[in-house]
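Chain naming follows the written order as A, B, C and D, and within any one chain the residues start at number 1.
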Amino acid sequence: MFMSLTRAQAREEFLADESAYCDRFGLAEDQTTAVLRRDWQAMLDLGGSIFYVYKLAMMDGLSMQYLGGVFTGMTEADFKAAMLAGGRTDV
Amino acid sequence: MFMSLTRAQAREEFLADESAYCDRFGLAEDQTTAVLRRDWQAMLDLGGSIFYVYKLAMMDGLSMQYLGGVFTGMTEADFKAAMLAGGRTDV
Amino acid sequence: MSEVIWGLGTSHVPSIGAAMDRGLHDDPVWSKLFAGYQPAREWLADRTPDVAVLVYNDHANGVDLDVVPTFGIGVADRYAVADEGFGRRAVPDVVGHPELSFHLLQSLVDDGFDMTVFRELDVDHGFTVPLSVWTPDPGDAWPCPVIPLMVNVISYPQPTAARCYALGQALGRALASYPEDITVGILGTGGMSHQLAGTRAGFINPTFDHMFLDAIEVDPEKLAALSREDYIREAGSEGIELIMWLVMRGAMNAEVTKVHTAYHVPASNTAAGLALFDNRAPARA
Amino acid sequence: MSEVIWGLGTSHVPSIGAAMDRGLHDDPVWSKLFAGYQPAREWLADRTPDVAVLVYNDHANGVDLDVVPTFGIGVADRYAVADEGFGRRAVPDVVGHPELSFHLLQSLVDDGFDMTVFRELDVDHGFTVPLSVWTPDPGDAWPCPVIPLMVNVISYPQPTAARCYALGQALGRALASYPEDITVGILGTGGMSHQLAGTRAGFINPTFDHMFLDAIEVDPEKLAALSREDYIREAGSEGIELIMWLVMRGAMNAEVTKVHTAYHVPASNTAAGLALFDNRAPARA
């Protein structure tokens, strides 16, 4: 489904009714819930590729660094600061 | 364009206005002409795959043996007879 | 390890499927062809494997010609029957075997085969007709899960016959390294001699086809050594589909036991052939 | 024959493209990165080849993840810039070179590489950002026609580093056998160390990256011998993109001359690296 968000018209349709849009693509209930709640970790756990998931984040105006914070339990500002300081070299 | 004919709805749209349908897929003028005139040899010469071209023939209710006749300058009946007699072994 | 128990080479002419779907088993044009299949069908009915791998080509139905993989493998749990332009065949969808698919994919890629992975794939007559040749009356489901292995034979440059044979050998190694003990049947499909378009439309070469039916059993290396141009000259532009039988043969033992062969001209515009081999040593048969 | 005149390895981080598109060349966060590119850009400006081959990966923009080719090659005369979810980058579409593409395709398939052919393809940041690193102000058109060579690095199982290096060597042979005398530049893209998702998100490994920047010049075999798991452990799950640099390196001579290297952390979440090599013997420089 996320692939379809590369078309501008589809992005409008998605925003107009997110739940119907998920239905249209046959997403399972837990997948739809993860999308509606923007549960980014759950989207990955349910098999979403980071590159697909990122398309949704971009629509929400969120950055990969925001997502990085979510995945690692940091705020976006802390994650950014960690990157600017040379990245997480110890994991 | 021929690939789209694997969807039933697209077949209806094509039959409703063939020329507009060709335009929609950005076919060149000589390609559109070949389609509209059912110039099967020209479709191949202009780069059409036999498997695409055959989709159009099927919509017209034509068989691969009819096309075989067209390509070899035979009637469909003669081509069929040649196949039943063991095929063209001398070409 | 999994064990390849048989290999079946067969044509996949769409009109064979159409004749079966319209109940023309006893029609005079078709009865001889189907009679030729009978001994193979009976032998196979007693030897249903746990999984089958079906080597085939798509005919611009499941995949648009804008993207042409040389070798593809399906990893889905289900493959829908394609609408080829006149509605889908009234045969069951195909149940896959994702676990074995992923094992094969990983083994083949690690072995230097640059597979294209299909997470979703509709299968056309190139896939369903061989299943019908094997199982004329599937009822609600084909006899076992089937994994599609796709080969580009319709768009130049096709892989060489030698590369197809090497893929078969790698497939054999990959199957042998599967952790579970399961039985596998392999189908190589397409051919025999035919040409659909151009001035040579209708071309048939029974001499080449009979040589091929013999050599695929006893001397597959000879067939693997033929060039793309050899196949097209000797078997017609669509006869090059025969290179897919070499994938099947490569996955089998050096020595196999012939169960049955059949040859019939024409199925529509095509020479139809069938060859069934037992991969178990005679002592175990 | 065609002659490879240079090879450029570079990261393709989308934010580098975004920073350039927004004119942030002198922004304090970005200026150091772009300063590092400058010597390479100047050297390249005087050495525009007749054609470039760009080894890259798509990020689920040009190709749906339902179909994942291990290796793909474009044969189109034009490649549109993809809309990645926020409108397309305001950079020129890419002009292709179908004639050389077809020659490479045929040579690679005959050489046992199972390429997927793209007759149509939209190219994403993995493709356009390296072009921008090379040519910051393309105006209406990139400096020369470019052929896309696509590698699966985002979906397990990726090809091995050894297979990528072998593809590069085959690419070198294919270029050498092209009938026309033309000059070629090769770009290997992706990396360096980074991981986008999971608990290791933000991972950077400068030690590995510096080792890689050295070894890609003098000892590519060492990098080709590393496993998929080595790359992911040492460079992060997306750091495995570095295997695409090995395709570039494989197409070059055993000995190359380093023109310039640069390394900067971070470009967004990624360690950005650049390595430019002259493929002409010193005497000819």
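Worth a mention:
By our rule, a contact is a pair of C-beta atoms (placed from the backbone, for glycine too) under 8 Å apart; a residue touches a chain by one contact, two chains touch by 3 or more.
Bear in mind that the values here come from a model prediction, so they are computed numbers and not experimental data.
Taking each chain's centre as the average of its CA atoms, subunit B and subunit D sit 42 Å apart.
Chain centres here are Cα means. That of subunit C falls 38 Å from that of subunit D. Averaged Cα coordinates give subunit A a centre that lies 26 Å from the centre of subunit D.
Among the residues of subunit C, those touching two or more other chains are numbered 65, 155.
Not a single residue position of subunit B touches two or more of the other chains.
If each chain is drawn as a node and touching chains are joined, the picture is a simple open line. A complete list of chain pairs in contact reads A-D, B-C, C-D. Against subunit D, in their complex, subunit C makes its touches with residues 63, 65-71, 105-106, 109-110, 112-120, 155-160, 163, 166. Of all residues in subunit A, only 2-3, 5-8, 11, 44, 49-55, 58-59, 63-65, 67-68, 71-72, 79, 82-84, 86-89, 91 touch subunit D in the complex they form. Residue ranges on subunit D touching subunit A, taken from their complex, read 29, 59-61, 64-65, 82-87, 154-155, 193-194, 196-206, 265-266, 268-269, 271.
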